[in-house]
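As written, the chains take the letters A, B and C, and residue 1 is the first residue of each chain.
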Amino acid sequence: MTFFDILDILGTIAFAISGALSAMNRKLDLFGIFIIAFVTAIGGGTVRDILIGNTPVSWMQNTLNIYLIGGATTFSIIFRNKLNYLKTSLFLFDTIGLGIFTIIGVEAGIQANLQPIVSVALGAMTGCFGGVIRDILCNEIPVIFRKEIYATASIAGGICFMIMHSLSIHQNITYIGTTLFIILIRLLVVKYQITLPMFYIKSKTSS
Amino acid sequence: MTFFDILDILGTIAFAISGALSAMNRKLDLFGIFIIAFVTAIGGGTVRDILIGNTPVSWMQNTLNIYLIGGATTFSIIFRNKLNYLKTSLFLFDTIGLGIFTIIGVEAGIQANLQPIVSVALGAMTGCFGGVIRDILCNEIPVIFRKEIYATASIAGGICFMIMHSLSIHQNITYIGTTLFIILIRLLVVKYQITLPMFYIKSKTSS
Amino acid sequence: MTFFDILDILGTIAFAISGALSAMNRKLDLFGIFIIAFVTAIGGGTVRDILIGNTPVSWMQNTLNIYLIGGATTFSIIFRNKLNYLKTSLFLFDTIGLGIFTIIGVEAGIQANLQPIVSVALGAMTGCFGGVIRDILCNEIPVIFRKEIYATASIAGGICFMIMHSLSIHQNITYIGTTLFIILIRLLVVKYQITLPMFYIKSKTSS
């Protein structure tokens, strides 16, 4: 088991917990909780595998993740009140998942010999799409279009990863450095309520 | 034409009718009715084919299904008032589709040498995703998150299929037995209004 | 660079502009504008590539489109007030994209040796799915279910393409002729407010 595999496990657990808590907040039933946890944890990787043609997709070839998600969801249901009370650490779970899954996606792009800009896009999709599919299934506006600059942190991290990679820095340092970089950006963004600029179209009556 | 092919045809027709009736209830126009019928009937199989890498996906290789869906939709439009009056039999159409498509998905997983738990998941996706995509396109909360324990019946049927398969029971008996099992579960669930447990997170004011 | 490639570039730019304007109308932030422009421009082609198994999908192999979308989106942001004022030409951008992407999809189906009816369906998906995914991400009812007979124009164009193709008319003439045919249909439909018939199900109280 490589360092990469360990990161994959941590990211899967983090996203499964965030998905389960999210589903309980939406008052879904037992099945709904497991489905949302599952989708949040494997959605990004599934989209990545489909886009690059890596089929059967990863979670079908490696069933470890299915058991991890089942365990993490059960854990979330049992300790739901304790976990939610620690709202900051829940936010952290989601952010850890975003950071880890972004680098896994970028790495997959590099392995598939895709160009740097495509690898960065693949990393952002791997990091963000679990949450996007979760929100679409729940009929909400996806997380990436809400205020927190979710995907922007992921893209910035992907660019950071490509730079460190091109400088031939040791792989594990690149992994950890990029993950922490993404987590840091998201924390700063939320703490200082940084938002991206918006561009309105003037209505005709005023022009 | 094998027994398996006949089941595939029956499932496709059943889902196309349920999709068409659903679209007419939502007051979509002629094109919308055909699209929703088509998506409901082929959505699950398409997701299955994409996940296991069976491309071009089935309905592109076997155009029979396209004509079947067209015929079933036309039939539904002509007899729309009669069909809807028989609301029970409509519910039955959808349930028949669920039962048949679940076993087709599980069988596809077994053929692709996937592990039992993955095959069961694939069966549930094949059975449920047509309805999920239909609901997403119509901007509604997907059927699997509403009250009827839709997907749970599918998963229970998948497990039943795997057990019968491992006992080397004759294939056709496994197909019919599992399909009837899924239909039975769903009928019982609706008749006795069985629901899965829900887990609420205590709000902070009460803790 | 063939005539086909030029059409692909024009279609991508047209859809990116329509996506960016659409996102600004929905008051998304800078990142949201780029994402929606990107999804609108590459969504249809991505679905097409996934369905026929052409992976990694096109935009991953040819990064030119990514830069084109970036440029077109930046252009749209800078000239947003001027572009919106020309609402007719915006509608035209979207219609041009629909026309071009439809024929690209049909051509892809022919290249993959799919049957005519499947190629037409593939063309309609390539033309329409960018807009569908854009609308799903924004939590709106997809464009194809609203009034404008969007997809019907695309399907009619696909059939027109197959007829011209079977008559061995020169490729480029087929491309241009079909694209103009689709644009013409959509313009006429909007101008004369043509709608497809609807079929209501009688409510039980009245039967």
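Quick note on the criterion: a contact is a pair of C-beta atoms (placed from the backbone, for glycine too) under 8 Å apart; a residue touches a chain by one contact, two chains touch by 3 or more.
Quick caveat, the model's predicted, so the values are computed rather than measured.
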{"item": "Topology of the chain contact graph, where touching chains are joined (line, ring, star, complete, other)", "value": "complete"}
{"item": "Fitted rotation between subunit B and its twin subunit C in degrees, CA, nearest 5", "value": "120"}
{"item": "Interface numbering overlap (same over half, different under half) for subunit A and subunit B", "value": "different"}
{"item": "Chain centre separation (subunit A, subunit B; CA means) in Å", "value": "29"}
{"item": "Shared-contact residues (touching 2 or more other chains) in subunit A", "value": "50, 53, 136, 139"}
{"item": "Of all residues in subunit C, those that touch subunit A in their complex", "value": "21, 24-25, 27-33, 35, 46, 50, 53, 55-57, 59-60, 63, 66, 77, 80-81, 84-85, 136-139"}
{"item": "Touching residues on subunit C, where the partner in the complex is subunit B", "value": "50-53, 112, 114-115, 117-118, 121-122, 132, 136, 139-142, 144-145, 149, 151-152, 195-202, 204, 207"}
